[in-house]
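Taking it in order: structure first as structure tokens, then the write-up.
Chain IDs A, B, C and D follow the sequence of writing; residue 1 opens each chain.
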Amino acid sequence: MKKILSAILVFTGLSTISLAQDLNRVKEPDMLRELHRSEILIPDIPGYKTLKGDFHMHTVFSDGEVWPTVRVQEAYIEGLDVIALTEHIEYRPNLDHLTGDHNTAYEIAAPHAERHNILLVKSAEISRSMPPGHLNALFLEDANKLDTEDYMDAIEEANRQGGFLFWVHPGWLAQQPDTNKWWPVHEELVQKGWLHGVEVYNWDEWYPIAFGWCNDKNLAYLGNTDAHMVSAYRFNLAEYHRPMTLVFVEERTVESVRDAMFARRTAAFFLNNLAGPEHLLRELFDASVEVRQPFMVNEEGTARLEVTNPTDLTFILENPSPSNDSPEKITLRPRSSVIITCDISGGEALLPYTVTNLHTGMEKNLGVELHVSSMP
Amino acid sequence: MKKILSAILVFTGLSTISLAQDLNRVKEPDMLRELHRSEILIPDIPGYKTLKGDFHMHTVFSDGEVWPTVRVQEAYIEGLDVIALTEHIEYRPNLDHLTGDHNTAYEIAAPHAERHNILLVKSAEISRSMPPGHLNALFLEDANKLDTEDYMDAIEEANRQGGFLFWVHPGWLAQQPDTNKWWPVHEELVQKGWLHGVEVYNWDEWYPIAFGWCNDKNLAYLGNTDAHMVSAYRFNLAEYHRPMTLVFVEERTVESVRDAMFARRTAAFFLNNLAGPEHLLRELFDASVEVRQPFMVNEEGTARLEVTNPTDLTFILENPSPSNDSPEKITLRPRSSVIITCDISGGEALLPYTVTNLHTGMEKNLGVELHVSSMP
Amino acid sequence: MKKILSAILVFTGLSTISLAQDLNRVKEPDMLRELHRSEILIPDIPGYKTLKGDFHMHTVFSDGEVWPTVRVQEAYIEGLDVIALTEHIEYRPNLDHLTGDHNTAYEIAAPHAERHNILLVKSAEISRSMPPGHLNALFLEDANKLDTEDYMDAIEEANRQGGFLFWVHPGWLAQQPDTNKWWPVHEELVQKGWLHGVEVYNWDEWYPIAFGWCNDKNLAYLGNTDAHMVSAYRFNLAEYHRPMTLVFVEERTVESVRDAMFARRTAAFFLNNLAGPEHLLRELFDASVEVRQPFMVNEEGTARLEVTNPTDLTFILENPSPSNDSPEKITLRPRSSVIITCDISGGEALLPYTVTNLHTGMEKNLGVELHVSSMP
Amino acid sequence: MKKILSAILVFTGLSTISLAQDLNRVKEPDMLRELHRSEILIPDIPGYKTLKGDFHMHTVFSDGEVWPTVRVQEAYIEGLDVIALTEHIEYRPNLDHLTGDHNTAYEIAAPHAERHNILLVKSAEISRSMPPGHLNALFLEDANKLDTEDYMDAIEEANRQGGFLFWVHPGWLAQQPDTNKWWPVHEELVQKGWLHGVEVYNWDEWYPIAFGWCNDKNLAYLGNTDAHMVSAYRFNLAEYHRPMTLVFVEERTVESVRDAMFARRTAAFFLNNLAGPEHLLRELFDASVEVRQPFMVNEEGTARLEVTNPTDLTFILENPSPSNDSPEKITLRPRSSVIITCDISGGEALLPYTVTNLHTGMEKNLGVELHVSSMP
């Protein structure tokens, strides 16, 4: 709570002096939130730096309600590295009040992004009825050229520009009311090399079946906000980070993000979950979790040891074959350690666990082995 | 933390069943922040309902960075009743990208405000160099008519429309670098009946000297955000409510807000402070704080009793003449009680306190007497 | 964040002065949490005041880990009115380090409770294997007399002292591994008038079947922590209030709490749930929720209106027969309002809802009707 | 908010199924706070591991109000590595209810500490009037032998046992009402090698003058809670970590902590402040703060770059000679980055700053130079 300046009393060892306040103007820095970048602690993996991205957002230049610069400010405050303003080509309800074309949102945001060290990707959302539904095209040169009558022309043009295309909210109830299905046109796009990823998480929902598509068709996993309003007013940021796509890059440049995406080095991060290729999630797990040497071993060979997670990720480990020898469940919250017990009467132990919040496919979770050893 | 649906195990008394998740689509309602109105608990006072207002905000239609509807959403979520979009008449840097006139922000926001039961006041900010500096005009019919060359014409026109005018950020360093002074033109405006209030709090600063002006010239106290960016990204809403103007109205209508303002029934609420006319702050104090009957009295007549504040206001009471008979300081946080001790050997006691965070004038604070009695 | 006194610079209109810090001693009041009572906003109901109680807690004098005064401090900070230290008669593992008898915890806590205006109930937990399991006896004169070989003697003695007895954690897995059942001995106790309530919530679990027992046998509903460690270290107080028993009393005295309990005027409050007799929950609902007059009605007679909950309770309303005319679900968070729409083409509407978090029996929830009218 | 199991509806693509709840028992894991160790992110420094300790706490075995095991639980949850229960030899108000001697608190806590991997130091507080005031003796063999009539005998005995002794709360108002002074007896103790540190922070106050003593007399800096009540109820843990002593050790053992203390490898951490030897604070700063390569340089050679602090420490940097070339103030909050601008027209820049919250002596703060270079 703020102290009232008019009442500041400074106690010294000998006396109390009253500090006159300025009657002209009293500053209250506590009323403001400082503008800094929150660092989300997610480790790099061997050979790659881990960037945090959101590749699906709207502004007033399509049907969003924020000015393009707000998306940069959000990204900065909320710890993202790279964003894309993906305005609908086909739906621009604010045109009565706005001028500009399909590149304008990008152009307004770009200088602001540069000054805040946020990578900004020129993008658009091709927004058609099903099939093919909505597809985001990233890394464009000119979004205006995607404003075509036939959606296939728009898709072809995006590819001609070197774009990375992904199917967004494939399981959106309005477009896939029954089964969330893979349509022939998506198969055709994959065959042509024109579709490169799937948004497995969007807004408040995820599509387990789409994990399978990513694996089967060799597509990148993406998780995005699809924010239309201000991020902080719509997402439960008190409890979770905003949904995002992790991108494992060689360096922090737009070009390197593009390379990583085409190389399928991405994972979706939503609530406490990660979804992505098994080898990437395993590397993230290994870079995050440390199984420490037991600090106590009793006569029966039962060890007590700490398992530590200094990151902002969460890992929920369940024992596929519970026994008395190791815990049924280990929950590793962000920046915390837990103590577990296990039998190491043989000198060491390999404890198999399923990480139930790390998804490597449809109904598949990362399997790990915790290696406990009394040797350092 | 969210449980992974794929791993839900429902334990019954007899068996464990596994619940198959929907592979098409998994909803995560926890990821979203529900859209509801937070109720800020500030009591009504005798005869009047207490509304919460912000009468100084910008959108992209002047130099703000949000779309007009965002201001309505902010107001709804953050518990306001009434707002004004006060676009600069003279400064509109986004005109390259926008169409419309000085009434457009209001017109875009109005239907959204109506649907959210937020009172919206048609307004504008006359933004000139000093003197007279910046003046907000509220309750306008047509803001376009304020776009005049001579500021006095704009002020006259605003008054002709029945507007309520107040000097905003009078102590702004850029316009009053030395002493925060009252200029002849402000005196002239008061004399003509064309100036009706002063913004004693703006953004992150307040002007004690302006409390004196309000009292001496019979002007209303206002406290506003002057928000340009998204409110939640700039204000420390984790610790404080956003700065606001309390308006004590007969009913919850724009007309009644206007009547209250002209009748000077307002107070500024910023951080934990209130600034306003003494009788209004006293009524708020009395409606908020309850001195309970002592629950314990010892042989010497020393009583222990609770002082309770069930509101979202804070009251910091300091004893102008500390003694052992009553506490030197009583801090009443929102929705809390404290236990105090005092001497009631005479059957009752009247404890004088200065409420150091309730400002009734320049270097003047509300004085109260806590009445403690062993009688119910 | 705390400013370093050595670096305080006070900006005035004219100059900057540096404030020398006291080199002997610098006070940091921000480091401390003020000791005040948090007021949990739960309304009184017609004719009765609503008290918050916890009637099941342990200290080092049985198998808890806190000193008795800590329970008083917890209760004060966490907003309780009345508590009972219910030490196990039969299990006192710290006796190697302690002296005293079954009344000692009460005696140590009593003066501290009196000074903090916390009502303290002399109590004990008769802790036997099943049947009858564990029973708490409240309002005792001398807990030592409950230290008998035969549990029935202890129960009889507790009743002889005027005690209120309730079965605690009846569905504790260790004692009721299969079905959570009502045993003949409990029936016998009820018949004799020796059993007066059931703890339907304990620690982290509740027993829906016990709601039925309370209704069928005319027993009071209780919900308690059964805290052994420090409350704040074990309960998720960031998200919920600690579990508690609401008691609807004529006045705030131990005697009146006792009367209310025997009259079955109690309800269990845990997480966001309430469980208790239907008429009491209905009165709490009515005292908490306000359905406001519509602020907007369109030509088809569809009204928009606010439903407001200024309390710290939560109400989750589900429409038993969803239609387009009224919302499927209405979630009323603490101190918030939501806007709903409904058809009032007939001038008014009665909207039936089930309050799914208010439990009036086993598989029974409070049914309410929201009355919407365009008349004030 | 917890969903009511009785109302769980699982939506699948095709149908809605209702999940019957268990009427016997419903578990609410959300009600509980998981018991895990919060990891406070403070980096190690070259050659040493950074441990977090609190070497001044009380339990019911002197005048505290918690059972010894509570101190272990607090330490575990709140992220400490090493603690000392420092019961007053001379003041034991609960002896009516307790048995045991000056080692009992340690003995009760020790097995609990071992199981939680908390290092526990056998200790006592020699609590005399001034001079010499109170001195904590750590690493004792038998605290009972410190129960002597003459304080010098107790100090000698503690040293004989190999104890580390430090003067606690030297500026306590009750013992040093006027100037916070260094007495001849403290000088004598230093000369004899019997005094090894000073508690420069205690409870809610710090003693700048004591920083000078530590430097002049070659004593270790300590900062401790002096907790009597439950830590979480008395300290503002929502905003700050509890006060602590950082110890820079070779390995995580009691012996290594002892070695570090005698070698004066400690620092006090309180609110956002650190106080300790200059070289240690510099190493902590260097291990915490990264000045990144500029991401943007304009034609005039003005660079924009990020300064990053991924730790839980705070660094407040003020420019001793403000200019337009570099920021007046840089505030590095925990786990955040800020963007600064500076002139690097010469290819690089060395920006001198005073870290105003890192105290290296009385009225002395750590001076640092931020090296900005356009070279990687």
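As a working rule, a residue touches a chain if its C-beta (ideal position, glycine included) is under 8 Å from a C-beta of that chain, and two chains touch if they have at least 3 such contacts.
Remember, predicted model here, so these are calculated numbers, not experimental data.
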Residue-number overlap at the chain A/chain D interface, same or different (half cut): same
Chain whose average C-alpha position is farthest from chain B's own: D
Cα-centroid distance, chain B relative to chain D, in whole angstrom: 39
Geometric centre distance via CA averages, chain D-chain A, whole Å: 34
Inter-centroid spacing, chain D versus chain C (mean Cα positions, whole Å): 36
Per-residue multi-chain contacts in chain A, two or more chains: 13, 22, 24-25, 27, 179-180, 331, 333
Contacting residues of chain A [partner chain D, same complex]: 13-14, 34, 36-39, 41, 114-117, 178-180, 295-296, 304, 306, 308-310, 331, 333, 335-339
List of chain D residues in touch with chain C within their complex: 1-2, 4, 6-7, 21-33, 35, 60, 65-67, 69-70, 73-74, 77, 94, 96-100, 104, 108, 171, 173, 176, 179-180, 203-209, 229-230, 232-240, 243, 270-273, 314, 316, 318, 331, 333, 356-357, 362-363, 365
